[in-house]
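Labels A, B, C and D are assigned to the chains in the order they are written; within every chain, residues are numbered from 1.
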């Protein structure tokens, strides 16, 4: 698969960024990769993972383990770190690379204790005024028996609730796979950014194809019609900006990580200036505007059918 | 044992009440029961339990199950109920009577999910301004392997934290056995009341005797020196009032429950008048005074040893 | 206590749920077989018992309007936002056709314009805002209109300080609307965060079946969570779990009783006493609010910061203040391009 | 990073912990055997390695002042409340004598007046309030003085807006002071609730052994919980659990590693890099506080409502406002009867 993916690169658009609803500027004449191409790029095993970003972009990372009630999820990690001149709370899904690591990380699929840890760390961030930076990269929440027993649904819902109401700035970046509710649970952000070749979907293309086409092999078609790529989601105003990958991230880790770092810094600065500087109650404005941002997402007609 | 306990009754003081540090008024000339006598009375299987109080003193009790993360503890129950003209949140340890029920109730020893449920219900009470009434009747927290695995210590500590900071009035009544941290976890109250024959101890007399006397059979001696009876704890200002049992509760359930109900109503009224009537921020004063109440408990010398 | 509503009014047709459980269908003929105890039941008797098997208490599924009729005090239900209807923002098409076509078919078949019916009513004399799933409309999947109607109901509950009752049965997020659907989870929970901050209760009733994005969002962010006996409730569906884990599912997996035992719900509520349970709960909250108001006559309630003016008829005149995010100035009065 | 403090200063005598673990005693002679790997270690080398076995990383127990010496920047530790000492409020006596007698013996043997040493210091240049258990004083059981010193340290941390570091090793509540001891759990946690509301961090380090009332109160109410490798930490003691449940305890039960796996602690902190870990943590909180102050120069910090004026020397001039509970008007300046 890796070779096949690499072949795509030459046919790859080289600069694509849009912020806050502005139209993406596309340069270069090479044909766009298809949605399915991007699914493969987003899942590429050599793509930088959350810990790669933490290692390169921050110092003094103290991983904070555990949900204080059941376990420590290695698929959803977090802790305090220094990012520029700020202390931030970092959260992220963590996939493995080798088989052993993938098993330990449960292929990046968090269990309820992962979401409860995330909730704990977000509450900690709120207490000390730390901005939250989250890296989204998961096929989805773990679909196992014990996860159901320990309330996967409730855990995700409560993480959403905590995040929606947090008085600190939240910046989330989809760095690879944004898989459904398992991704959203750490993605209720003031600014939601996506790497150009990341995907974000309500269900996996394979799962969608299996249900609606009764054939998982129709995943490429499903991927196309589901509109899961960054440029499409920017156009829908579901995300706030696309971070370009002039070269796909797995071939240009250093540059990609740097670009992501710059984007996070930019948005944290902007949020802080707009809400928190000189306003001790700015957290309330921030929450109100975060609500307004999510409040208006949707597509409907108001007249009779 | 029951006969033996009943024999004690004739040697029983008939009226004993003190409120808020006032000296207990003792009438009658019969000799006081010993601490060990009271241990046996407090543990008497026919003594009214939490559900007996809920049934007789409230209407519309809706039991609220579960901690929303691991399980539903039947040894620590709770829910909303109508008490007089108020909606209150009731919490309490629940022991069984028959063997089956005792096993289902784990002999009144809560597991971590019990304390997490209590915390959830207290937070619910705070949200809707419901006073919390708790009934204490436990040998202590469950000392099992799985309780340790799921964080018995953390669960109790977090229940203490939630209770200490709650902006609603809290009235707790030790109706039987007040066993150590497992009891305290629902006992950080604005008013802590005790039935005359209830006990409240830092450890069970048997446990204390086993450790300090190296002989559990010395429990009666331990019970005496540990100062675990209601009159002693009132003198130490650790509790706020003693509710008399002219006849021990297991022989006069109706009267005892009525007296407990009257005492709770009295203290809820008093707390509400003192803090909440006409003061939307009265919850802060209540919390500050609750802190001051616990802040001063202790016995020490300030000079050099 | 139980209202024999199908019989008494004859208003709601017994409708076969479009859920693949053939056993559950209530045919036009007089007898129906209980899928659990195999008893042959007389249809009218079943309807008089709120579609609960009199022998084994099996709870047959109900349509949204059947539920509302069962619970609301007579004539008190006023529907909200009846005319808001779905679009096809993705231009979605699968092997069996376009989403746009599917919406037409589904509307005809179900008689509903969306999978969620909202409105206000009283239950046992207590005012309540209602949001009720209709599983016959695309498996009550949660899309843009479901989310928008739900959030409007939540906001109205907050603005009017009346408790919110949601009744859920859903297969999860609606795939045909892609990420618009997923975001309804965040949108509805964010609205509930504000409702909670305003001190207005949310009571959630989970009914069979309840999965995916609904279980992982508004339906479990509630002050009290009730579930109907035997209802299947989970995040991942049982077939998916079996396929992925290759494990046999434990006995009673994902039933309401299983969830109760694992601490996820407050109470199992039998349908035949549900009105009583809800009335008691609403009385508790109402008494508490009245008591607070008596202690401090000043208003406790903070109106929502994003003001929405909504009329009973579902006509929307919404005023969202201009957002301060750079470059954005969007309001509902000026729909963005993908809102028609 | 590791400070060879025993060797360099010779100030703290290697003291045998009074805990019944004979293997752990460090005798006067030159060699000591590691209880885990059985290696014979040269005493001075062990001390230079902060009493961590260089071969297997076994963490020997430390006294309170040894810990402070190991962590605090040179000469920065100022002790608080050194002279506050226990009484015998119950007139407690067991088979082996009175509590009053036991206090005299324990004081002589341990060189401490209580089981908790408190004070302020800097660690890596960061100001911190310290509360450190001394297991040699009655198993660092938590009684009135333990609780009072702890709460005074918490309040000073809150008033001065400096992070609190607690280092715990304890058998639990002190039975000799009965309910006074139990109530220290509530008292200390209530003080931490206020510290948390003021936005001041609490870092808790759990060391071997940590049980009962300490594990179930202040030591686990922390923003970050660290534990030393191999430390035994639990609520009920392992012997009690075995006796009651008649079950064999699982491998590694109640070790720090077990707690990490079960989600109860944030991090296992090796003693040899503990100063670095704490310095990093304190820098994170300090940077956050500085950043907040830069954004909004107005003071964020609310002083505690119950004002305590405390001097460095531990002389207390406390002013607790008269309580509004009927009939009570007690302040620390006028000790109640059971305070001497």
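Please note the rule applied: a contact is a pair of C-beta atoms (placed from the backbone, for glycine too) under 8 Å apart; a residue touches a chain by one contact, two chains touch by 3 or more.
Computed from a prediction, not measured in an experiment: that's the story for all the values here.
Chemist: Farthest chain from chain C, comparing Cα centres?
Modeler: So the farthest one, by centre of C-alpha atoms, is D.
Chemist: How many angstrom lie between the CA centroids of chain A and chain C, rounded to a whole number?
Modeler: Centres of chain A and chain C (C-alpha means) sit 29 Å apart.
Chemist: Whole-Å distance, chain A centre to chain D centre, using C-alpha means?
Modeler: Distance between chain centres, rounded to whole Å: 40 Å.
Chemist: So how far apart, in whole Å, are chain A and chain B when each is placed at the average of its C-alpha atoms?
Modeler: The mean C-alpha positions of chain A and chain B differ by 48 Å.
Chemist: Give the residues of chain B that touch two or more other chains, as numbers and ranges in rising order.
Modeler: Correct list: 68-70, 150-151, 154, 158.
Chemist: Would you please write down the residue numbers of chain C that are in contact with two or more other chains?
Modeler: Within chain C, residues 196, 262-264 contact more than one other chain.
Chemist: Which label fits the chain touch graph of this model best, line, ring, star, complete or other?
Modeler: Its topology fits none of the listed shapes; call it other.
Chemist: Go ahead and list every pair of chains that touch.
Modeler: A-B, A-C, A-D, B-C, B-D
Chemist: Over in the complex, which chain B residues touch chain C? Could you list them?
Modeler: Against chain C, chain B makes touches at 60, 62-72, 80-82, 85-87, 113, 117, 124, 127-130, 272, 276-280.
Chemist: Please output the residues of chain B touching chain D within their complex, sorted ascending.
Modeler: It comes out as residues 19-22, 141, 143-145, 147-154, 156-158, 160-161, 164-165, 180-181, 184-185, 187-188, 200-203, 207-208, 211-215, 218, 221-222, 225-228, 233, 236-238, 240, 270, 274, 285, 288-305.
Chemist: Which stretch or stretches of chain C touch chain A in the complex?
Modeler: Interface residues on chain C, with respect to chain A: 83-87, 89-96, 107, 113, 144-145, 147-148, 151, 173-175, 177-187, 189-194, 196-197, 212-213, 215-221, 233-236, 240-241, 244-245, 247, 249-250, 253-254, 262-264, 305-306, 316, 320-321, 323-328, 330, 332, 336, 338-340.
Chemist: Within their complex, state which residues of chain C touch chain B.
Modeler: Contact set of chain C toward chain B: 196, 199, 201, 223-224, 260-267, 277, 280-281, 283-285, 287-289, 291-292, 295-296, 298, 300.
Chemist: Which of the residues in chain B end up touching chain A in this complex?
Modeler: Against chain A, the touching part of chain B is residues 68-70, 112, 116, 150-151, 154-155, 158.
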